[in-house]
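Can you keep this structure in mind? I'll have questions shortly.
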Amino acid sequence: MPFVNIRITNEGATTEQKQRLIQGVTDLLADVLGKNPKTTFVIIDEVDTDNWGIGGESVTELRKK
Amino acid sequence: MPFVNIRITNEGATTEQKQRLIQGVTDLLADVLGKNPKTTFVIIDEVDTDNWGIGGESVTELRKK
Amino acid sequence: MPFVNIRITNEGATTEQKQRLIQGVTDLLADVLGKNPKTTFVIIDEVDTDNWGIGGESVTELRKK
Amino acid sequence: MPFVNIRITNEGATTEQKQRLIQGVTDLLADVLGKNPKTTFVIIDEVDTDNWGIGGESVTELRKK
Amino acid sequence: MPFVNIRITNEGATTEQKQRLIQGVTDLLADVLGKNPKTTFVIIDEVDTDNWGIGGESVTELRKK
Amino acid sequence: MPFVNIRITNEGATTEQKQRLIQGVTDLLADVLGKNPKTTFVIIDEVDTDNWGIGGESVTELRKK
């Protein structure tokens, strides 16, 4: 039943890496809380670096430094 | 005042279907809780099937089975 | 596979009303998009009226008017 | 440590405007709650007007009126 | 029409501070993007420090250091 | 920079289990995507079983079966 939303910057995560994240989080919830993988949802959102800010600056700007 | 976020896989929901979801959820909240449609927000997010996992697998992979 | 998050103010929605919201949204997604109820998640968040703002004011303040 | 998610319709917010939103929200949290900008996350989601509904209608339809 | 979700740790933000956050974010969106305050939603979620992690540790643990 | 939101039902996850979830997800993102733990946020939301529905029924009802 868990729902996990992973938000990362849109910087080239491959399909294979996203599959590893889905599998890894699902296994973690099964191991720690005994949750059923069949009803474990994982959604990955990839966010444009102009649209993600830390310390008051967008990641686009931070990457230039 | 309700805020409803509907997340579905990005598999071709038409504009007309999305309008029906918006109308249906808004009506439901008016019927059940008497909420004012004018201040009921509905946001639909369409998620790539590589980015949605169930049972440790992406929907892309599940669709192949 | 849909995931629906309904956010409402914490103003006394009953268990029966929340059940009707869960059932209503699940039926809507089955009707409109043919989604499988068994893998349709609905989460209802009830938010304190001090913590919900519209027009720059909290709902607590708006309710006093 | 705050996490702020700003959801707006996808109607042409410029990079400069998004930077001002990131900076403005980060400053606000520092001023009001003394939060450290270095660990303040801001994510802006831009939503298609077909996918955002108010009063039971999509913003696309509302814009036509 | 903007929807803003502010997530902070549950460490005693006062009603007055939350009102300032609601007002501040609403004004920011009006100033930067000309958004109508009447249809600007702000929701503040206060999260238990056991339930918020950074660098692999909960804020509860980080506060002890 | 990743932000991870884990939503589980409010059924007694211990502080130690939540710490293991925080650590596990942070390690996973470091391993798979090389993300910096210091700027990896994890938030765990625990949802009342009346407020979580699957297959049109609340988890409270499902647990009775």
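Order as written gives the chain letters A, B, C, D, E and F; numbering starts at 1 within each chain.
The rule we apply is simple: a residue touches a chain if its C-beta (ideal position, glycine included) is under 8 Å from a C-beta of that chain, and two chains touch if they have at least 3 such contacts.
Because the structure is predicted, anything quoted here is derived from the model rather than measured.
Taking mean CA positions as centres, which chain lies farthest from subunit C?
Here the answer is chain A, farthest from subunit C.
Give the pair among B-C, C-F or D-F whose set of contact pairs overlaps with that of A-B by over half, matching residues by number.
C-F
Rounding to the nearest 5 degrees, give the angle of the rotation that lays the CA atoms of subunit D over those of subunit F.
180
From the centre of subunit D, which chain's CA centre is farthest?
Centroid comparison gives F as the farthest chain from subunit D.
Using mean CA coordinates as chain centres, what's the subunit D-subunit E distance in Å?
Inter-chain centre distance comes to 13 Å.
Counting in whole Å, what is the centre-to-centre distance of subunit C and subunit E, each centre being its mean C-alpha position?
About 20 Å separates the centre of subunit C from that of subunit E.
So what's the Cα centroid distance for subunit A and subunit C, whole Å?
Taking the mean C-alpha position of each chain, the two centres sit 25 Å apart.
At least two partner chains per residue is the criterion; list those residues in subunit F.
1, 3, 7, 25, 39, 41, 43, 52, 54
Which word fits how the chains touch one another: line, ring, star, complete or other?
Graph shape here is other: it fits none of the named patterns.
Let me know each pair of chains that touch one another.
Those chain pairs which touch are A-B, A-C, A-D, A-F, B-C, B-D, B-E, C-E, C-F, D-E, D-F, E-F.
Under the stated contact criterion, what part of subunit F meets subunit D in this complex?
The touching residues are 1, 3, 39, 41, 43.
Give every residue of subunit D touching subunit B within the complex, in rising order.
Residue list for subunit D touching subunit B: 7, 47, 50-58, 60-61.
Give every residue of subunit F touching subunit A within the complex, in rising order.
Touch residues, subunit F against subunit A: 1-9, 13, 17, 20-21, 24-25, 28-29, 31-33, 35, 39, 52, 54, 59.
In the complex, go through subunit E and note every residue touching subunit C.
15, 18-19, 22-23, 25-27, 37-46
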